[in-house]
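The letters A, B, C and D name the chains in turn, as written, and every chain counts its residues from 1.
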Amino acid sequence: MIWQNNICEKIHTQPKTKTCVRPEGTQEKPAEQNARKLAFGGAYIDNSQNDGSAGESVKYSAWLDGAVKEYDIHDLPNGEAAILRDTGVEKDIIPGKVLLSMKDLAMNAFYSLDRSEHITAEVTNHCKENTFASGCCFVDLEVDMPLGKVKINNIINVHDSGTLLNPKLAEAQVHGGMSMGIGYALTEELLYNEKGRPLNANLLDFKIPTAMDCPDYHVEFLEMDDPMGPYGNKALGEPPAIPVAPAIRNAILHATGVSMKEIPMTQQKLVAAFKEAGLI
Amino acid sequence: MLKIVHMWVNGNEVELAVDPRESLVETLREKLNLTSVKKGCGVGECGACTVLIDGVAVDTCLYLTMWADGKHILTTEGLKGPNGELNPIQQAFIDEAAVQCGFCTPGLIMTAVEIVGTGRKYTRTELRKLIAGHLCRCTGYENILNAIEKVAGIDS
Amino acid sequence: MFDIEHYFEAKSVEEAVRLLSEHEDAEIICGGTDVLVKLRDGKGAGGSLVSIHEIPSLRGVRVLPDATLEIGPATCFTDLTNHPLIQKYLPYLGEAVDTVGGPQVRNQGTIGGNICNGATSADSAATMQTLNAVVVLVGPGGVRRVPVTEFYTGPGRTVRQHDEVCRAFEIKPEDYVGFTGCYMKYGKRAAMEIATLGCCVRVRLDDACSRIEETRIGYGVAAPTPIRCRNTEAALAGKSVEDESIYELIGTSVLDEVNPRSSWRASREFRLQLISELAKRALKEAIRRSLNHEAPGAAVPGEERR
Amino acid sequence: METVGKSFVRVDARGKVTGEAKYSNDLVPKDCLQAKIVRSTIANGRVTAIDISEAQKVPGVVKIVTCFDVPDIQFPTAGHPWSVEAAHQDVPDRKLLNARVRQWGDEIAAVVATDNVAAERAARLVKVEYEEYDPIPTIEEALAPGATPLHPDIRKDNIFVHTSFKTSPNFDYEKAKQQAIEEYGEENLIEVEGTYRTPRISHCHIEVCTSWAYVDTNGKVTVISSTQIPHITRRVISQALGWPVGRVRVIKPYIGGGFGNKQDVLQEPLNAFLSIACGGRCVCLELSREECISQTRTRHAAKGVLRGLATKDGKLLAREGDIYTNKGAYASHGHAITAGMTTNFKDIMHDAYGCRADGYSVYTTSAVSGAMRAYGVPQAAFFADSLTDDICYKGGFDPLKFRMENCVPPGFVASNGITYYSYSLKECMKRGAEFIHWDEKRKEYANQTGPVRRGVGMGIFMYKVGVYPISLETSSARMILNQDGSIQVKLSATEIGQGADTVFSQMASETTGITMDNVYIISTQDTDVAPFDTGAYASRQSFVTGKAVTPGRGADDLAE
């Protein structure tokens, strides 16, 4: 087992974990050390010595601008919150009674006359697991063939990025990726002359989409919790830029029957292809 | 050699000795420490250096500080209320997640101030044209338009 | 900072002319959206600037006694697009300059700079060609008037002497009265874009709005300089607006009067396709606007003050 | 869950909408010197002589450094964690300034002056003599026999690396085709082949690549930079200068977008060197927009020579692809992107008989290709989805139905062991098709005439999270309890606009039970104080760093 030496361990708030794990090879800690921890343990719960079932949830009282608000921070399935009674004995656990607020705990830890401790925690996560995110883009577009102009009528990206940590920010990431995808499909390319000198290395001639080049973006997520993610989450930042260019290319194939082999499908390349196909 | 330029910046009267070769973006950033005015290209392409000069959106990288004499300049630093309240546009940008890396944000907010200041309602397509002088690579402009619509109202 | 040796702020056209003649290496700057970009890229670095940014008389649009429209060269694109006289008498010119760059550039860039920097891709160029606009130049030797159709001498070059300042553009009544028109800018992007091709077609119909009396066709980027297609204009004279063949006619006839080049930006073949297609579409729209009774009469002197 | 899963407002939103958030250039001290790089005006060749006498006379010039004055140390620039296995180490193939010119605009000298006008004037007056070779900017030219090898000390020709991945060791497309003919009969098969190309593009983050450096009072060179990878930048600067890592400090304030370009070490080592060369004075090295687009990193241009075989009733049998990528002048990220491109092309569809995907990354005399959002998979997706639709078009299959039947199946395990745990690709396709009214539009747009036509199209993808097992994934987090019961969260995972700081705060809050308003994440990364983390790339941070902030999930759970 790997003991998560983080703040949870130090101030003994048990993480929202299914189990609370003991340090490898250690037994029950000597009483007095336990006691010391208890004095500072604002809320300590460890029922792993029982049946090893999910750790109990933990209740905090946070002294926020004067108003005492009690948060049941973790609403774990079993829902029961328990707090250590101030008698210092580990076993007397009375559900729901707050012993010590985080603020009092911190003040105690900082300014105790005999056990001052600045409580910090540092952990390295050596990640040895991976998984796949996935998704798709669907687009409905119109091709003005004589002018080689493509107009997007409707476009959506649907993403499987596991559980979303922040839906609004996730959606914003996809908008940006779709915009990048449209540029990749239709206008963006770095050009060189035969001597290898770049020709369009500025924001006028390297055509990234402006607000007028973008359609309204539609985004949806299918949230399936992934066991590998810390909260069931998977990759989200990069994927939105991937499926848009192929979707646009394939919609042009459906609209005109012309199979474009190269992106960006600039107006000039489209007009040349339509001419060759006898469409204009 | 330096020349005296007299202007109002965010409501404060300012008198500066300025090198005629200076662009306004450099003066605002280096002499007045208004670092909200960002330089993204230096040639009037990206809009990140946009401020309002006498209420009109201008790229300050292509504006000689000499021309600012006698003019009123507004940057995002000047939008805050007396005790730090945000302008409704700034609040809308926060609420609508219209901000990501944030580099184009100040320029876009100033253009939005001009748009909202007209008191007119716009269609989404019209708004796209009004902010087309700003390049953004993070947002695809979607939530930026939502934020401006939220404050300016939508012309159905 | 820009690499400028000396900077002069002219308070009048005469002072600007004097400063230019005294400083061989000085260049005019007005809106700055072209000159400052070139300076930053090192072109003309170390030279001097004569600014006409602060000369009020160079701005605005007026009606002269003979109903000629006089446009101030220092009028920025936004002000031109929103000007009541332009909206009434030259709406297509207002639309044309509304396609330049983005709002911020249009709040600074001026029609004087747009014409005088001599670029064939300037968005006002094609329309000004069709208006036979007259460029009023003031130099040490006094004033001379040059029709814009004879103003360009090559890509980025014009007849304007180093020490001449453009004081105004004049558009005579016979060039705008009764005309409707449409400017189409073709670009790779919908904004912040330099035209791959710019086409302006204007028509004046007979009173019954059934036949074309006069057509004006102007192009940017269809040749090293902005041009007119006079043969095609003549071929359309007298044609009925119902006659569908006029679109095929304009689409093919203009191809004989243009000379687009091939570059990494666009091939000659692609530009020819655009030249033909845009002419058809612009003609259709110009005629639609006439049939929609949008053709203006003559402007009334002093109208701009009301 | 209390905080995770909820749309909290960005923790850095207020600073950004008020314009008070500080980016690298917003922190440059008043008396900072300005540097300007002198770049080659040829694409392939060698600098034989540099005359700086004229340039030195320009008033305001403080120092001019040429490619003959820099340490003779080659260093890698890729934003990868250092590998303890020699075979996986990034290839060191460039110096701070290079006499051997391998791209137009290669860095050959640098001027430091009191302002940008003086620096630019002096840079234009530096006289350079070259021994010029023929440029070989394209893949074809670089592979042509007799083409000059760009890095003879590293490779004998211009193929940087060639890898070959197959679904099974003995799979061969021609054999599979013969087998198909026997099994189905030639008339019941559809074959499509073609060469598909994707362009070289630029990230175009709106903040340019910029940094400034100084040597502090106890001799530590400090570089403030707009970077996605502060810790890796620190290590590469120490390698480039030959300085111990302890005497290098990198600070990353807010950055105006990176998209992968700033996941490479760019001008930071040269910036550090220029400061040292000026006696430790503060020197700012800001690249112009033009330099950012053409002289930093780009997405790999790629060419795919592809073939695909399917039965008449829409079953995908076999595919093969030879994929060439234009690596550019230097290795940067090496072959990783090309390898990822080929495996993704292979894995996204399920071929009944099998699939082969070879990848060649090719040195050329053009800009360096590096990491860009999605690291080679946009190219793979364009190749795979185009080939798929061309097969469907030729066979008359409905592209949606064809993908439903032939795309990567649930429970897929990649050759390197990565497993597709939570699979909802097909549900995504269904939802997308529903939204766009796929069936209805496919019929409605079937046989159109006229100059303006409509069409519907789709594209799919799969994408792994972070780089394990190809490369090390490690991330550290530190939390410090404040006296008021709030916590400071200190990470080296970087906020580059994607919202990392916000979701880290949410995870820290969820884990510790401390409410969001009591979680203070420190956005500026300073390698002197921030724990080690490789930084923002491969969509890894919420996944890898998240676990550092959130103990008890992931592997521990599974192990349990």
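We adopt the following convention: a contact is a pair of C-beta atoms (placed from the backbone, for glycine too) under 8 Å apart; a residue touches a chain by one contact, two chains touch by 3 or more.
Every value quoted in this text rests on a predicted model; they were computed, and no experiment measured them.
Remark: the per-chain Cα centre closest to the mean position of all protein Cα atoms belongs to D.
Taking each chain's centre as the average of its CA atoms, chain C and chain D sit 45 Å apart.
Work out the mean CA point of chain B and of chain C, and you get 30 Å between them.
Chain centres here are Cα averages; for chain A and chain C they lie 52 Å apart. Here the CA centre of chain A is 19 Å from the CA centre of chain D. Taken residue by residue, chain C touches two or more other chains at 1-3, 102, 190-192, whereas all remaining positions touch fewer. Shown for chain B are the residues in touch with two or more other chains, namely 21, 40-43, 45-46, 97, 100, 129, 131-132, 134-135, 137-138. Counting partners per residue, chain D has 7, 10, 117, 204, 259, 289, 498-499 as the residues that reach two or more other chains.
Taken as a graph of touching chains, this assembly is fully connected, with contact between every pair of chains. Every residue of chain C that touches chain B in the complex is listed here, in rising order: 1-4, 7, 9, 32-33, 36-37, 40-41, 51, 53-54, 78, 101-105, 107-108, 190-192.
Of all the residues in chain A, the ones that touch chain C in their complex are 146-147, 187, 191, 193, 199-200, 203-205, 207, 209-213, 266-268, 271-272, 275, 280. Here chain C touches chain D in the complex through residues 1-3, 42, 45-46, going by the rule given at the top. Listing the residues of chain C that touch chain A in their complex gives 102, 186, 188-194, 196, 264-267, 269-270, 273-274, 277-278. Residues of chain D touching chain C in their complex: 115-117, 120-121, 124.
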